[in-house]
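What follows is a group of structures, each given as structure tokens.
The same chain A turns up in both complexes below, where it pairs with chain B and then with chain C.
Take a look at the complex of A and B:
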């Protein structure tokens, strides 16, 4: 089922979080892909060209998410794919002294974990230019 | 690439090879060329790197560019005086040691110089020996100051990382459970969703159980740090403790086809310890030996009094083994060996940190030997009880 016609890739090492988030997005009419780390996510993204990526920034107790975003930006076909960063630890992200607006990080929005699902879905729709009619259509 | 990177990062933790120590650098500033030369000669002979200046300003310049460890400076010079050099140097680097030479060795000037941050003073005229001694003491002082500052920074860093890491460890399961519950709240009631509902609720419960385990382990570790766990020690026979733990995991091991073996001495095997601590210690080691074993493998536990006041315990498995590069991180808090998907086992990453803490607090040691694909053995040394009248009485009371 993919009434919106849009695909979202979730990159998160917490399988439960990805499962719950994915279920919510599917219910909202998106096609959902899941990857458990940045490496796998990048591979999947190259194959499937998702419309938007939701990326956990502190994966596997490390800063892998940063490198993954960098790799996305360096890949021509993915350079302009919107990336929303999700993290339970934005303070720690700030520790790396990389401001979200810094060029190389270049993610579109930041959401704190646990995510307000309604707010997230609204932001995704807005970013992908989906109008309210699609929402009505998904029920 | 990223895994390699973090491994490198990890390998860099606290293991920087000490750089080849260059001899300490000393600058001598005195308008009296004879003293300047003499000091230089004496200190060079001691193996230090030395620069000498007869002019205060040139000396100051050299201090900012050459960055010495110690400065010997005359308090009374034409032009810029010693006292001014003193304050300018400490503006530049408060940890440079300054020894002042004073021609008018009144207590007052010396005290004033010390107040301005001088480490010590040398009244003119002085013999080579006091100079050597003061310089050596000053350099030792500097080394200690720098070292303690480094330790403090390291501790601070570890503390900061630990706090942010533990927050992450606590927040991840909470975020997952939160997200499940939110989805469940909006989930329609239908036969199709019933299975999902059940599965997600199970996952929530599992994550909460893991969270509880983490909090429990963390508290154990905190207690061990406060020396609460091992405050009270008694002579305790290890045999029933080890046998008891093995018995309690009989079923869990059997389910994996793993055989549990105990090689325990006939007679009492007493250690000087705390029952709760010993249980936590060997429970952790034995569970690991089962968890990281292979199907059909073997766990063997042996204990032996060594007769030199120590008791040796070994817990071996026939499991996957621990690659050498990870062994030195094994006892660190939250260290977990990176594993392939599907091979990962549940755990908090605190078990072995707790083991090391407990063993150390009880005056013993813990070591690991491992061969990849063959198995791992943890060797624990514990202290035998001091055989005092008190000890005997406590033992009798405990067994009574």
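Take a look at the complex of A and C:
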């Protein structure tokens, strides 16, 4: 089922989290793809051209997501695919305090885990142009 | 000068934040050798590497590049694609930074090369300590330490890096990473000095370069050049891997349909039989002996006259690459009349 016509790719090594998140997104009308690391995610994205990517940072390597985002950005067919980062990075690495808004991370939005699912789905729908009311509301 | 400290367990995050300043390239292992390459993940970086196969000149003076294109009607159009790409070269050894400083004298001096200059401006350099192996003689060539030519330089302290900030860009990198860096302590400074002395003592290969131009002058007609000419294959490997060999050739590639073409610059080598071939068929260096002699004289004598020091930095790449085992340190020692006991 894919009433929205949109595909979301979840890249996360936490299988339980990816499963739960995927189920919530499917319930919200999205088609969901899952990958357990950046390499697999990139490979899948090249094949499936998702409309949006949800990217973890700390995976098999704790900076994997950072580099994976760069890989997406330098792939022409994926360079403009929206990437939302979902990570517990700032809790897990206490002395890393460089905000994602500082311009070094080529992402579109950052959500700290645990993620508020309603807020996330609202943001996804807004980013994909599926929710005119929200878009107007946030200017 | 600002000197700070970065704990090694924060290096991966530092490298990640560096992506703000450009695509991060670092030494990675490839079939038992090392090459500088874009990192797809941090764990690919091998900061404990020995010399890479190719030096960094590949980034600043690519093996092949289109300088301009031409079309009927529009004329010449400079080919500037990729020139503005911003890169961060992470983990560059002192000798290779020294080599870039030497190339700067050639390509940013009286006859400035805009392609080289633009890349030099857009590519950040982060240096890192190394340990000499049996082919390193950079200490003899005064290239085992650099005080410029890098944005940051990391000196190994064991569990941290003493970090020298070399430029305003380097300072921006430090500031962008927030609290990752910390001040150095007196103990850090002592450890730096201890390790620095240890590195100096670790060199096993040395050559004496004092009065070398004069020795070359005196030995211009030495039989060693003919002996080397007998061994040398003129393959050009030594100049391809040399971080300061910069000879290039320029030629036009005209499209067969006659609707334009491009002007291309490619690496050349003074070892190649066509290097001194000129119009009319005259070749000023027909023999292999004359070509290898030219290479030695240019690097060890001509460059000294022009720029005040040899262009060799003692990286050892030519020793590693030569298929017939010609060793520059042995050549120099032979010229000096020194019996060489180095590695074969």
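The definition used in the following text is that the second predicted complex is superposed on the first by the 117 of 139 C-alpha atoms of A that agree within 3 Å, B and C clash if a C-alpha of one lies under 4 Å from a C-alpha of the other, contacts with A are read in each partner's own complex, and residues count from 1 in each chain.
Everything that follows uses one rule, which is that contacts are C-beta pairs under 8 Å (C-beta built on N, C-alpha and C of every residue); 3 or more make two chains touch, one makes a residue touch a chain.
No experiment lies behind these values; they were computed from the predicted model shown.
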Subject >> First, second, both or neither for A:17, with chain B first and chain C second >> reply: first
Original post:
What is the contact status of A:127 with respect to chain B (first) and chain C (second): first, second, both, or neither?
Top reply: neither
Subject >> chain B versus chain C as contact partner of A:117, first or second or both or neither >> reply: first
**OP:** Specify the partner with more touching residues on chain A, choosing between chain B and chain C.
**Re:** B
**OP:** Kindly classify A:27 by the partners it touches after superposition: chain B alone (first), chain C alone (second), both, or neither?
**Re:** first
Original post:
Touching A:38 in the superposition: chain B (first), chain C (second), both, neither?
Top reply: both
**OP:** Could you tell me if A:67 is touching chain B, chain C, both of them or neither one (first, second, both, neither)?
**Re:** both
**OP:** Starting from the residues of chain A touching chain B, keep only those that also touch chain C in the other complex, and list them.
**Re:** 38-39, 61-64, 67-68, 95
Original post:
Within the complex, which stretch of chain A touches chain C?
Top reply: 38-39, 61-64, 66-68, 70-71, 74, 93, 95-98, 102-106
Original post:
Tell me, which parts of chain A touch chain B in their complex?
Top reply: 14, 16-17, 19-21, 23-24, 27, 36, 38-39, 58, 60-64, 67-68, 88-89, 91-92, 95, 113-115, 117
Original post:
For chain B, which residues count as touching chain A in their complex?
Top reply: 1-2, 5-6, 160, 164-165, 167-168, 171-180, 182-183, 186, 196, 200, 203, 207, 334, 338, 341
Subject >> Interface residues, chain C side, partner chain A - complex >> reply: 10, 12-13, 15-20, 23, 39-43, 176-180
